[in-house]
Amino acid sequence: MDIQKILKQYRAGEIDLTAAEENIRSMGFLAVSDIAKIDTYRCKRTGVPEAVLAEGKKTKDLIKIVRAQMESNGRVLVTRVSKKKLKALQSEFEFIENGKSASVCIVHDGKTKRKENGGLVAFISAGTADISVLEEAKMTAEEMGCQTIEIYDVGVAGYQRLFLEADKLKDAKPDAVVVAAGREGTLPTVVAGIIDAPVIGLPVSTGYGAGKSGQAALLSMLQSCSVISVVNIDAGFVAGAYAARIANRMEKLRRK
Amino acid sequence: MDIQKILKQYRAGEIDLTAAEENIRSMGFLAVSDIAKIDTYRCKRTGVPEAVLAEGKKTKDLIKIVRAQMESNGRVLVTRVSKKKLKALQSEFEFIENGKSASVCIVHDGKTKRKENGGLVAFISAGTADISVLEEAKMTAEEMGCQTIEIYDVGVAGYQRLFLEADKLKDAKPDAVVVAAGREGTLPTVVAGIIDAPVIGLPVSTGYGAGKSGQAALLSMLQSCSVISVVNIDAGFVAGAYAARIANRMEKLRRK
Amino acid sequence: MDIQKILKQYRAGEIDLTAAEENIRSMGFLAVSDIAKIDTYRCKRTGVPEAVLAEGKKTKDLIKIVRAQMESNGRVLVTRVSKKKLKALQSEFEFIENGKSASVCIVHDGKTKRKENGGLVAFISAGTADISVLEEAKMTAEEMGCQTIEIYDVGVAGYQRLFLEADKLKDAKPDAVVVAAGREGTLPTVVAGIIDAPVIGLPVSTGYGAGKSGQAALLSMLQSCSVISVVNIDAGFVAGAYAARIANRMEKLRRK
Amino acid sequence: MDIQKILKQYRAGEIDLTAAEENIRSMGFLAVSDIAKIDTYRCKRTGVPEAVLAEGKKTKDLIKIVRAQMESNGRVLVTRVSKKKLKALQSEFEFIENGKSASVCIVHDGKTKRKENGGLVAFISAGTADISVLEEAKMTAEEMGCQTIEIYDVGVAGYQRLFLEADKLKDAKPDAVVVAAGREGTLPTVVAGIIDAPVIGLPVSTGYGAGKSGQAALLSMLQSCSVISVVNIDAGFVAGAYAARIANRMEKLRRK
Amino acid sequence: MDIQKILKQYRAGEIDLTAAEENIRSMGFLAVSDIAKIDTYRCKRTGVPEAVLAEGKKTKDLIKIVRAQMESNGRVLVTRVSKKKLKALQSEFEFIENGKSASVCIVHDGKTKRKENGGLVAFISAGTADISVLEEAKMTAEEMGCQTIEIYDVGVAGYQRLFLEADKLKDAKPDAVVVAAGREGTLPTVVAGIIDAPVIGLPVSTGYGAGKSGQAALLSMLQSCSVISVVNIDAGFVAGAYAARIANRMEKLRRK
Amino acid sequence: MDIQKILKQYRAGEIDLTAAEENIRSMGFLAVSDIAKIDTYRCKRTGVPEAVLAEGKKTKDLIKIVRAQMESNGRVLVTRVSKKKLKALQSEFEFIENGKSASVCIVHDGKTKRKENGGLVAFISAGTADISVLEEAKMTAEEMGCQTIEIYDVGVAGYQRLFLEADKLKDAKPDAVVVAAGREGTLPTVVAGIIDAPVIGLPVSTGYGAGKSGQAALLSMLQSCSVISVVNIDAGFVAGAYAARIANRMEKLRRK
Amino acid sequence: MDIQKILKQYRAGEIDLTAAEENIRSMGFLAVSDIAKIDTYRCKRTGVPEAVLAEGKKTKDLIKIVRAQMESNGRVLVTRVSKKKLKALQSEFEFIENGKSASVCIVHDGKTKRKENGGLVAFISAGTADISVLEEAKMTAEEMGCQTIEIYDVGVAGYQRLFLEADKLKDAKPDAVVVAAGREGTLPTVVAGIIDAPVIGLPVSTGYGAGKSGQAALLSMLQSCSVISVVNIDAGFVAGAYAARIANRMEKLRRK
Amino acid sequence: MDIQKILKQYRAGEIDLTAAEENIRSMGFLAVSDIAKIDTYRCKRTGVPEAVLAEGKKTKDLIKIVRAQMESNGRVLVTRVSKKKLKALQSEFEFIENGKSASVCIVHDGKTKRKENGGLVAFISAGTADISVLEEAKMTAEEMGCQTIEIYDVGVAGYQRLFLEADKLKDAKPDAVVVAAGREGTLPTVVAGIIDAPVIGLPVSTGYGAGKSGQAALLSMLQSCSVISVVNIDAGFVAGAYAARIANRMEKLRRK
């Protein structure tokens, strides 16, 4: 279409040969970037919010990056924030939301609202130690417009809690379920046997001794006899975004 | 409902006290198993077909198990079948379907049809070495009623193949995408940047030296900057069933 | 029994159909939870005391959880407590007992006594570095009503200490023996050759260089030519509870 | 006593100074060996049968060692026997018993009976692939005089099988329970939540990909939230002997 | 230029609007593929020859792929070929060259000559066991037009061999040096201290025990105090191509 | 030549037998050291600057070594410097240059200029976290006389950034390219597909969970399908020096 | 002898039967302990000095143990001492000697002299980072009466330093040589090719990235083509004591 | 001396200037090689026999290398020989000696006698599975002129065997002791507590499950509380040569 326009302009003598070529060339590059420009428009295209990993960044660099992202996208999710960095962010930005756990927060411009109508994601954790990572997953999903339900602190040794809440879980009909677990990491396997929504296993870096730091949990989930998929240890953001990706599409079909 | 029926029968004197209690008790156990009986009714409930891992089983045991599953479910998927075992199965069973790759086949009773209307799953592989594992994933998804499209042999060094087929992929609008890759395992990351369907990374045990046998691929996918989920190395069945689980639900919403 | 009661009540018209069904249903759920309610009644049923892992918990969360457990069970064992957290607990709770090593303590309500008549467990350590973990094991066993004897600081290079105390050990006739060892971890193997009580190997995270942090000890125990079983590195609580589980049952048989 | 005898003989002039010293010295060495002679009398003292690891031995060496053990102990357990070696043993020895699985057998002299009254051990396996290792454990326990019950093929995805057999298991009141599991290895954790007999986790070298060859199962068991102990991967003999050690002592208390 | 041609053709009425757009669009895609079409034109663009990994491919698939590559590129390098597969290739193709070691060969069409004037690469090996991998590197470099010199079998314990040949090596003035070494892998470090050409360390999968299969060699090279770069264990093709890439550019500068 | 001189002196009676032998012997040792004296003259011979690893050294030792090197070579590069040590160096030495990142600096004597005309090296990083390591590489190359261009913060998810700068990169015609990447480490693979200069992969110790601390990045690069070479994780100095080594030689050929 | 004395006393009626038996029995236990009492008399018997590992011990426990050892043996070696603990020891004990490196010291009673005439041990280190561990080895050997020579800071890249000192080393004719090296750990291999005294490789925990913390050095030494033996990473005490053990025996033969 | 001779010849006009220089130069190279020629004269200088690793070599290459070594040294030790290769060697060479275990043999020229008067080395093994590796060590030591004593099959569970033979071992006064052990590898630790000769731990690749293939044994020995040194897993040749090196020097001192 646009090419036709340029061709016509050139034929009509409105632009000269060089201009015509240049215009087409710049389009060509747009064509290239259309395929490649994954990054800048990622947020808009796939609904995954911009996320900044605070860990390993100097506070002043963090603020700079957060500001840039916030100004360009309206909202930005900051993950793995220490208490100290959270304070720095709070004194720097006017609009900041943080969950129960200090390790994640959202900085926004006061105008851009979070997305809505993103479907429903359930979050289940095996113990109190997993909550901080699960919180990161949940806030990510919420940024992607999802409604969330949570069943916290369902330990391996407490299947009955899960069984008792099984109907509640089934009745809610979540589009996807994120299950966090450390140590031996069996909870996702059990959940996947109870509900037929896609289950995302989220290994958490708890436990000491052999298999510590979430290694046993990760291997356990990879070896699971149930049908689950897995993200990296402590990768709350990925788990939340992946679940929301699924839920977003389901909600979209529902609203058609 | 059923409890009411027993209560009425007892009140009406049709059954005595012991029989009434027994009937209710057996129901109670059914209630228990309703929650727990993940296994026997798994196929019906979640749509995941029965799968038998041929590897590590003696041929005669394999045949026995396959027969049992086939008789109880009508159809059974056999994974990681050697050529020798495939022959044994072929001479034993009348109705057997196998893919291009010998390593997977379906045994059925000639009557039970495979499911239909399960949504659409795309399968992408990085190289010829990955096809056998991807085939396992694809046949699993097909057993779960999915339609499938495949883009085989898109190597890491051949992104343009993927880019050229990107529109085809986007136009097909798959409900989920399984991407198999060995060696450095970057293909799922790239695919997840192009399409917003949920991507399942399937590491394949290729490569030699450090990081061989799919280890580099697995770690690479777990560390991916894109939003993908992962299954274990060579776990074609899990990848296919997980993708189909998502697609099944999407198709259901579509058909409402 | 209870079902019969409801049936009779219904037949007698004391309750209506809906109430009868509901009552039975709630029983059914109890039946379910009877199997599943591992958690809440765990303490009573298996004699393993409630234990709270202090490590990785925030002090205020720790206090909250400890208080809840203490109020519901009367006594609670807190493991892997830092000096700082111990102080916080001491200033918060009236009744608190701690061993020689700061890393474990018991919080109780001043009324609930520890169990008694739990059999006899022996505790043997290879060196001073292992004592803190062994202390955790010992206090766990004591909470489970066990009497304990201890042979501390029997190094690998000091078998004669063990041999000289062998008679004392044999005469005591312990129901189970917990043997802690770091570095090359051979002590459990040697002890299992001397006494025929079940030996539980408890690897301790000492040692530097290759095989450090208890890894050599763990592997060594798993490869042992003697008949021993093993728990995870530094898992004092599990070792103590496992030994006590055995001793409890033996003492029960003895008291019949 | 014996020393007194020598002293008296010397005083009485029946033996001279050198003879007296020598006799006492040889006794001294017996005293030494009394402590150290773990090996030769191991069978009698602790009830663990002689076991020969067939794997890695040449057939002719295996036969020689088996014969020696059999002649000295009456009975000998041979573990990890290949089919080929089993045949060699069968053509060599008159009295040979083997289980369902070819990988373990007992060679005896036709006169020495296996021990009796050794208590009760339960054996539970997660899948058909675990049976061969569990068989090794079971035959070991039987050689140590134990009665055994078995619940085979209770997969992770089939908890209801376990729950349905829970009463049977509880009613049997086993003195110890060996639970074999490969892949994610969660079954011992679940069993330990149901029954309060000591549970021995026996990881089995099944599974492919990350965590394969029983590694995920081992780590999972070491990280278990339940109170279990663990033996090495595929160490059926150790698991069986350890369980029997516990059961033997319990039965002894029962028979007092 | 080409765009201008199309523009002029369109203006001149030689082609219509649709044809003009289409032609430009196909160019656009070429622009895209210009960046992305790494694969198909890889050989021409960077001088790296097509290489087919024989290992893990079925013989008939291998032949098909080799034929396709050979027909499209004139020459194709086949790596990690077993003796059996080499024979199959020899009976299938008319023009085939193989080195001293069976594990690498070149299939060509009898017309396409190998490149020339690619600079000089030296190949040094620590022992006879490394030669097969080094041969793969050397043939790759030769395919890329390089001249090669080789100093084979210079063991770690035989530095003097290297020292005695140091002048020869220096006088030859290679553009790059590939040094293969297994076991402790120190040779590249030593060579990099003698000559200032870029040294590529090529770890070889020899050695047994801890650090076997080239692991110690790889780590050793990564930890080297000298300035060297490293490729994966046994990655002869990559080492040869990387060295040739450097040499090609140097020779080009020389010939300017 | 020199030997002839001594021989003649001796024949002429200018020196006696002992002196003649001694002179020749000292030459012999020079011959030896000519081969071996890698260290002292390393800087002059290969153009790699002296570098001192600050990490793990006490501040006073660091100062002593830096002074010695600076006095002997005029300039010395100090790597992995903490902020604290940088301050100590700044208060100790008059002439000190440091990059944006505190972790690297150059101490010199105010007279010795850095080398010039060393060719051109490009530096590409995947994210802000990689910049500190890349800075170390860049300053090393600059010390070796290289001009440098940098394309910072090109994430895996931002290939378009790279593609858009591809022409700039190609037009610059760098002699070598250092590509730093953490997490899944795919950037070097992609860059090597775009440009035919030798690419050095520099894995950076970022990322958490499985494959953290640069392990996934390292394995990914070693398994790369592209032709790249690799240095150790965080080895900025080696990467920079290796790239400069190549560039130096190319520039030399260019200037001939 | 002693037994004869008791026998005679008894025969002479100086002691009664019970006393005679008791005396002999206590000797018997001495006989036992003669074999087993490795620990208490270890210092005297094998010449290895008592060593206390300070690391991981609380300061007050450390002081207590050091005092006990010092009082019983006259002298005690304390290894891996932090500066803080060294100060505490210095303020507690009158006689304390420490090397250049703070990490090792000797506490004695002012009277007990260190052993003499223990032979000659050479100590060679690859770099300044290795000196602290080597110092520990050297002081251990000196405590065992050895004379020592040291060649410090001979880096891998500085073989000529070693070659230049080779004659000095050979002329000294050491009985054993301890060679410390971190990173790629090749120095022991080279030294073992120059001198025929037994070489003990001592890997040091330097280096970062893959193979860090001495792992590459350890593997490298284990894979060495030279004939060397190895101790654990940073195990200075073991290396020194092992070398001294050899030297002690050689010196003894020399002095015969 | 030699230099003086040449100088004098030149002064006397017996040789001309060029010849004199050349002669000196060749000496110079000898001087160089005197230091560096580790390899060719290794056998003579350090008494370590030439050893050829058969594993991984093709039979015809093996024969060629063995012949070359045999012709140059008179005798050559071949290690890790398969039965098949042994047969090939036997049909090729007239003079060949092999031990009980097929895995090692000596090929010689019928004239060159093995060395004598090399001291005494003891060889102790934990089990029958270790004998083959120990045999390799023993034959190596014998080639180096050592007398040997062996105590085979002293299992971990059979310390008394060792204790009973302790006097025999002590009376023999070996110059060095090689102790082979697989699985948990504790035997060297125990032996080092009994005898004060230097102990070389030789881990053997037995055992299955976690820590298999000698890994647990290696780590265990590295972590040993006793003073021992270690060689790589299955490195019988190194262990034997190292022990012989020590024994050779001791015997030499003894014979002075």
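The chains carry the letters A, B, C, D, E, F, G and H, assigned in the order they are written, with residues numbered from 1 in each.
Heads up, the rule we're going with is that a contact is a pair of C-beta atoms (placed from the backbone, for glycine too) under 8 Å apart; a residue touches a chain by one contact, two chains touch by 3 or more.
Predicted, not measured: the structure shown is a model, and the values here were computed from it.
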Legend entry - Chain labels contacting subunit C and also subunit H: D, G
Inset, instruction - Please indicate which chain is farthest from subunit G, where distance is taken between mean Cα coordinates of the chains. - result: B
Inset, instruction - Please determine the option from A-E, A-D or A-C whose contacts repeat those of C-H, over half of the contact pairs being identical by residue number. - result: A-D
Inset, instruction - Between G-H and C-G, name the chain pair that shares the greater number of C-beta pairs in contact. - result: G-H
Legend entry - Distance between chain centroids, defined by C-alpha means - subunit A, subunit H (Å): 61
Legend entry - Chain centre separation (subunit C, subunit D; CA means) in Å: 25
Inset, instruction - Between subunit E and subunit G, tell me the centre distance in angstrom, where each centre is the average of that chain's C-alpha atoms. - result: 51
Inset, instruction - Mark out which residues of subunit C touch at least two other chains, giving numbers and ranges. - result: 29, 32, 35, 38, 42, 155, 157, 159, 163, 193, 209-211, 215, 218, 222-223, 232-233, 235
Legend entry - Pairwise chain contacts, counting only pairs that touch as defined: A-B, A-C, A-D, A-E, A-F, B-C, B-D, B-E, B-F, C-D, C-G, C-H, D-G, D-H, E-F, E-G, E-H, F-G, F-H, G-H
Legend entry - subunit A-facing residues of subunit F, complex: 128-129, 155, 157-161, 163-164, 206, 208-211
Inset, instruction - Flag every residue of subunit A that touches subunit F in the complex, lowest number first. - result: 29, 32-33, 36-40, 42, 55-57, 61, 65, 203, 205, 214-215, 218, 232-235
Legend entry - Residues on subunit A engaged by subunit E in the complex (per definition of touch): 3-4, 7-8, 10-11, 17, 20-21, 24-25, 27-29, 31-32, 35
Inset, instruction - Quick one: which bits of subunit H touch subunit C in the complex? Just the residue numbers, please. - result: 155-157, 159, 183-186, 189, 193, 207, 209-212, 215-226
Legend entry - Touching residues (chain side subunit E, partner subunit F) in the complex: 35, 38, 42, 45-48, 163, 166, 175, 193-194, 196-198, 200, 218, 222-224, 227-233, 235, 238, 241-242, 245-246, 249-250, 253-254, 256
